[in-house]
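Next come two complexes built around chain A: one with chain B, the other with chain C.
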Partner chain A sequence: MLGDIITPDLFASALRMATPLALAAIGGTICERAGVVNIALEGIMLTGAFFGTAMVLLTGSPWLGVIAAVASGAGISAVHAFASINLRSNQVISGTAINLLALGLTGFLMELWYGHPGTTDPIKVLRPIFNFESPGGGAIAEAWRWFDSIVFSHTPIVYLTILIAIVAQVAIHRTKWGLRLRALGEHPRAVDTVGVSVYRGRWVAVLMSGALAGLAGANLTIEQVGSFTENMTNGRGFIALAANIFGRWTPVGSYLASLLFGFADALQIKLQILRGVVSIPPQLFLMLPYLLTVIVLAGVIGRAVAPAAVGEPYEKG
Partner chain B sequence: MKGKKSKVLAVLLALMLVVAFVPACAQEEPTDDPGADQPAEEEVTIKAAMVTDVGGLGDKSFNDLSYEGLKRAQEELGVEIEVLESKEITDYESNIDQLATAGFSPIFAVGFLMTDTVIKMAPEYPDTQFGGVDEFFDPPIDNVVGLNFKEQEGSYLAGVVAGLATKETFDAKLNPDNVIGFVGGMDVPLIKRFEAGFIAGAKSVNPDVKVISLYAGNFTDQAKGKELGLSLIEQKADVIYAAAGAVGLGTIQACQERGALFIGVDADQFETVPGSGDVMLTSMMKRVDIAVFETIKSVVDGTFAGGENQVFGLAEGGVDLAPYHDFDTKVPQSIKDAVAKAREDIISGAVTVPDAL
Partner chain C sequence: MNEKREQSVLVQRSWMVAAQKIGAPLISAALAVVVGSFIIWASGYDPRAAFIALWEGSFGSPKAIGDTLLKATPLILTGLAVAYGFRAGLFNIGAEGQLFLGGLAATWLGLSLAGLPWFLLIPLMLLASMLAGAAWAFVPAILKARIGAHEVITTMMFTYIGRYLVSYLVIGPLKAPGQIPQTAELPGAGQLSRIQALFSEATLASFEFLKLGRGHLGIVVAVIAAVLVWFVLKHTTLGYENRAVGFNPWASQTAGISVQSTTVKALCISGGLAGLAGSTEVMGVHHRLFDQFSSGFGFTGIAVALLAKNHPIGVIPAALLFGALAAGAGRMQFQADVPQKIVLIIQALVIFFVAAEEIVLWLIRRRQKEAVSHAG
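Entry: the complex of A and B
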């Protein structure tokens, strides 16, 4: 019975489902560290998912699709940057507007380009990188099945995400750029005083978060499902925001938090298999990831302190 | 300076909102003046409309099928048609209100989620005729006809195919294990009918078969559908039936990647999902289009069955199995015969298919 739940695919599935959350969460981390709230992650992810798919449909190249997803993510986040940095508008409102815009824009362009709403035609997807033969037999083969499934069964962006989490962690905490980024979110006036442009620093951070959320969209369409469906992100951008907070505004923390959410989701699927044995309504399991989010945000993990100047537009004095 | 910037922002946000709402208004062929070329003898043109569920047009499922019925009525009966899409559950009421105020009748409310809205709105517009797709009204309402389907009967046939196929070897994707899978959208009575029929059908021909059912919790998340499919395949399921809207599209992807056969739902998904032929064994078709068309026809003929709950089963042609398409030559005659026998038994009443677990 337990063997039906604790399987190699449980962990592989957790990694797969954590990837889009983690990319968006790391994007959110960078953005909020610079003092800009980005609740538009959901919409940016959807935009990346759409333009990535559109590019693959156009060119047949999944990698060009990934580039298009990243570029379109950065592109639509520029709207957020302009509104919240240059125009000093309320960042939550600007983010909400982008979420609405992305939903409408992708639906509209689907009608315009493909003549129908709903789901696009299937696209060429990125395949898992590794494809090793199982060595030996017996216990070795069994151990290898686990190892291969958890470590080697993944598509490129899954691995890239782990790399991005580590690089971003080092960049934010160990480099001059990172020091300035953190200062932008804590005390932008100080950054301005030493002659570094607050606007420019924040622009770069918002664009980076857009690019990462766009990449998350590419993972969903070009790696996971191989087509675009309207509103397919299904709230992942908002769970990513929670993961960013749970990860205490650090990239590796965001990744680990996303992994926990991914694991909870993977676990609930496997737990449903038990329904044949024990009669439990599936809703109970489906609740698990969201319940976890609420518990986490309610402060079980201790108080998380946001950057001091987050959400405050900076006005040159 | 600051005032000017706020104005720019205001314009920008207004533009965003306009773009955001464009698709909501951009229906396909909004009343393409169908009456013009018709021999317009009738003094009053019938104006039929539908309100989609949140899945919207393009769901390759019951919303699209309802629209097919509407389009057929436009071509064959010369009625005017209109579609309003619901993006949120909160759109139901305003969409119905808008159509009823504009004089549309009949108005089809598509999807069981809209049942309560119809119960609330229909008495407010007593002269408007309503059709509720997948909606059962108890007590019945005078100006509403409920259009329901015996999904369990079609699913029973799908279960017969899956239960026999998992023991066969006609395709390399079939494994020796006696396990099949079901993917459901939301755990609601409607989807339970699919599940109950599928399990009953499979067990009728293969009593030892293990059927694993997994639910996604929604009808839109394809990535979740793929994960559910991968989990089923890891459990050695080799034939998977999905009644889960767009979620099932992800399950098809899982079947293609890891090798399992798929049974589609609602429409003949071999036709509606491009490139799925290598795994699409068959589909359980739910002829929402026929039910919608017949209802419009009854309004045109003046025989509208208000106050009734109609049920379309196998006998009425409301549900059935689609062709095997690419698998037609591979599927052994024994399976085809078993399906034919099950169909006869259900229609004759020799077999009663359960509608709940």
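Entry: the complex of A and C
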């Protein structure tokens, strides 16, 4: 029974499940490092998922779908940027508006374009990059099966996400751009004083986070599910926010935290095969990632310190 | 002479402040409707037909008004819940989950205590729903007060957990015999009666406007709750502390108010109000519990609270507006073919314009300043 649960696929699946969370969490990291709270990740992800799917349905090309998802994510996050940076709205409230807007807009367009609510037709998905032949029997073949499944079984965005986490980590901590970004979130006045535009820096950060959350949506639909369903993000944007905090506002930390949540999700799915054996209701497993999020947040806060100026609108002096 | 002028300026200013308070939300709502109409038009539908259908479905007949009241009832309560939290500087985004738990507690108690007379059963069920809602907010509240865990994430997570819990219970332990995953029907003594059921046939025949269809007495519960919350906020120490912490936690702490305990109280009271919305839904509308008994009332409550500027009495008209949108949406889809989801978009736009209204206020204030300086 344990052998049915702990399989190479469990770990491979954890990596897959972690991907949309990690992309959104890294987006959240970049945004919050610049001093803007992005509670809209959930809605941006949903927007990307929808427009990505719509583009694939229109053109038949998954890669054009990915581009559409990224572009639409950045597009809807521009609304958040305009409201929270230029209009100095409350960032949490502006984010809530975007979440609702995304829910309404995707549902509305779904009915307008496809004539029905619910789920779209299946789309052409991105396939795993590698496809190795498995060698014959024996222990080596078994080891190879594990390795192949965990390392080589994935679709492009899964690998891209790992790359993004590393590049973002270096960019934030080792470059001039990153220094400025962090200063925007800690002491925007200082950035302004040396003649760098706070508004522009924050705009770039919010758009980047939108693009990443849009890419997360593309991963959900164009790589994992293969269709769009209304409200399919199901709280992932909020879990991503928690992953960002657990990862202490660093991209690699966000990625690792997302792996934990991804593992919980993968485990939850695997555990459902136990249903035949022990009568545990599936809903209790479905709660697992959400419960874990609360537990992790409860354990980590106090030791993790948010950027000092996060959530505060900046008024030009 | 000078004094007189100063006085008139003051009068003018207080008028302007009042106009600002009421006018700004009205402008936000109007802007949202304009943009919403534009979206309807740009999508190839007829906005005029859409709004006629929306009007007919929400205020066009006594029955339609009853539907609006029906939808406004949970929205008043979730709106109050969110507003009470905001007044303490807390964002209870998880009212939906607390509503689910409230509905669950009321149903469970109503089914367990079947046989009690209504004047005992109904208050007990309402109370149970408030306690359950408050309990569901308690963990996020403690986490917020003790270690600063952001209530937006924790209450949201508890919403998912609560929904899965209810989903499990109505499929499992609380399921009534039959194919459909739902509980048994509440006893009559545990149901909130329809408003029109209070009047005799003869009265209804002569007073058509009382034929409020599905509108039920939950609206009375909701309005009483609004008045009570207003009273608590305005005239009690509890409410004063709530507002003080919301206004400036550091100053409140210095002044001897415990921010931690105020935070816990605020989120639990907020949760209790949201829980009450769950029981009125169950007791007044569905008379049983099932998976999808709330259509996002907890989330719409956020829009209600913001539009009301977190004022408990203002929550009532704001909830009526969103209740009307929800009640008329079905007819709009049916009659003018416009997808109901447009209502969600309009809600989002309302929130957005309320949040972005600073720019409008800033313009108004600048004008006022000019007016005052000219007058002086």
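Just so it is clear, the second predicted complex is superposed on the first by the 300 of 317 C-alpha atoms of A that agree within 3 Å, B and C clash if a C-alpha of one lies under 4 Å from a C-alpha of the other, contacts with A are read in each partner's own complex, and residues count from 1 in each chain.
Going forward, a contact is a pair of C-beta atoms (placed from the backbone, for glycine too) under 8 Å apart; a residue touches a chain by one contact, two chains touch by 3 or more.
All of these numbers come straight from a predicted model, not from anything done at the bench.
Novice: Clash or fit: chain B and chain C on chain A?
Specialist: clash
Novice: For A:G118, select first, second, both or neither according to whether it touches chain B, chain C, the two together, or no partner.
Specialist: Only chain B is touched by A:G118; chain C is not.
Novice: Output check: A:V294 vs chain B and chain C. Expected answer is one of first, second, both, neither. What do you get?
Specialist: second
Novice: Could you say whether A:A257 touches chain B, chain C, both of them, or neither, answering first, second, both or neither?
Specialist: The answer is neither, since A:A257 touches no partner chain.
Novice: For A:D4, select first, second, both or neither according to whether it touches chain B, chain C, the two together, or no partner.
Specialist: The answer is first: A:D4 touches chain B but not chain C.
Novice: Between chain B (first) and chain C (second), which, if any, makes contact with A:Q224: first, second, both or neither?
Specialist: Once the two structures are laid over each other on A, A:Q224 reaches chain B alone.
Novice: Applying the document's definition of touch, where does A:L212 land relative to chain B and chain C: first, second, both, or neither?
Specialist: Touch partners of A:L212: none, neither chain B nor chain C.
Novice: Check the residue A:A242 against both partner chains and state whether it touches chain B (first), chain C (second), both, or neither.
Specialist: After superposing on A, A:A242 lies in contact with chain C but is clear of chain B.
Novice: Looking at A:Q283, would you say it contacts chain B, chain C, both, or neither? Reply first, second, both or neither.
Specialist: Both partners, chain B and chain C.
Novice: One more residue to check, A:S13. First (chain B), second (chain C), both or neither?
Specialist: In the superposition, A:S13 contacts chain B only.
Novice: Which of 41-49, 113-121 or 329-337 in chain B clashes with chain C after superposition?
Specialist: After superposing on chain A, the clashing stretch of chain B is 113-121.
Novice: Would you tell me the residues on chain A in contact with chain B in one complex that are also in contact with chain C in the other?
Specialist: Shared contact residues on chain A (touching chain B in one complex, chain C in the other): 79, 83, 87-89, 93-94, 97-98, 100-101, 103-105, 107-108, 110-111, 117, 234, 281, 283, 286.
Novice: Give every residue of chain A touching chain B within the complex, in rising order.
Specialist: Against chain B, chain A makes touches at 4, 7, 9, 13, 16-17, 20, 79, 83, 86-89, 93-94, 97-98, 100-101, 103-105, 107-108, 110-111, 116-119, 121-122, 220, 224-227, 229-232, 234, 265-266, 269-270, 272-273, 275-276, 281-283, 286.
Novice: Give the list of chain B residues in touch with chain A in this complex.
Specialist: Against chain A, the touching part of chain B is residues 5-6, 8-9, 12-13, 16-17, 19-24, 26, 28, 55-60, 64, 85, 87, 184, 187, 210-215, 217-218, 220-228, 230-231, 234-235, 246, 249-250, 253, 273-275.
Novice: Across the complex, what residues on chain C touch chain A?
Specialist: 39, 43, 91, 93, 139-140, 143, 147-150, 152-154, 156-158, 160-161, 164-165, 167-168, 171-172, 299, 302-303, 306, 339, 341-349, 351-352, 354-356, 358-359
Novice: Quick check on the complex: what are the chain A residues that touch chain C?
Specialist: Residues 39, 79, 83, 87-90, 92-94, 96-101, 103-105, 107-108, 110-112, 117, 234-235, 238-239, 241-242, 245, 281, 283-284, 286-287, 290-291, 293-294, 297-298, 301-302.
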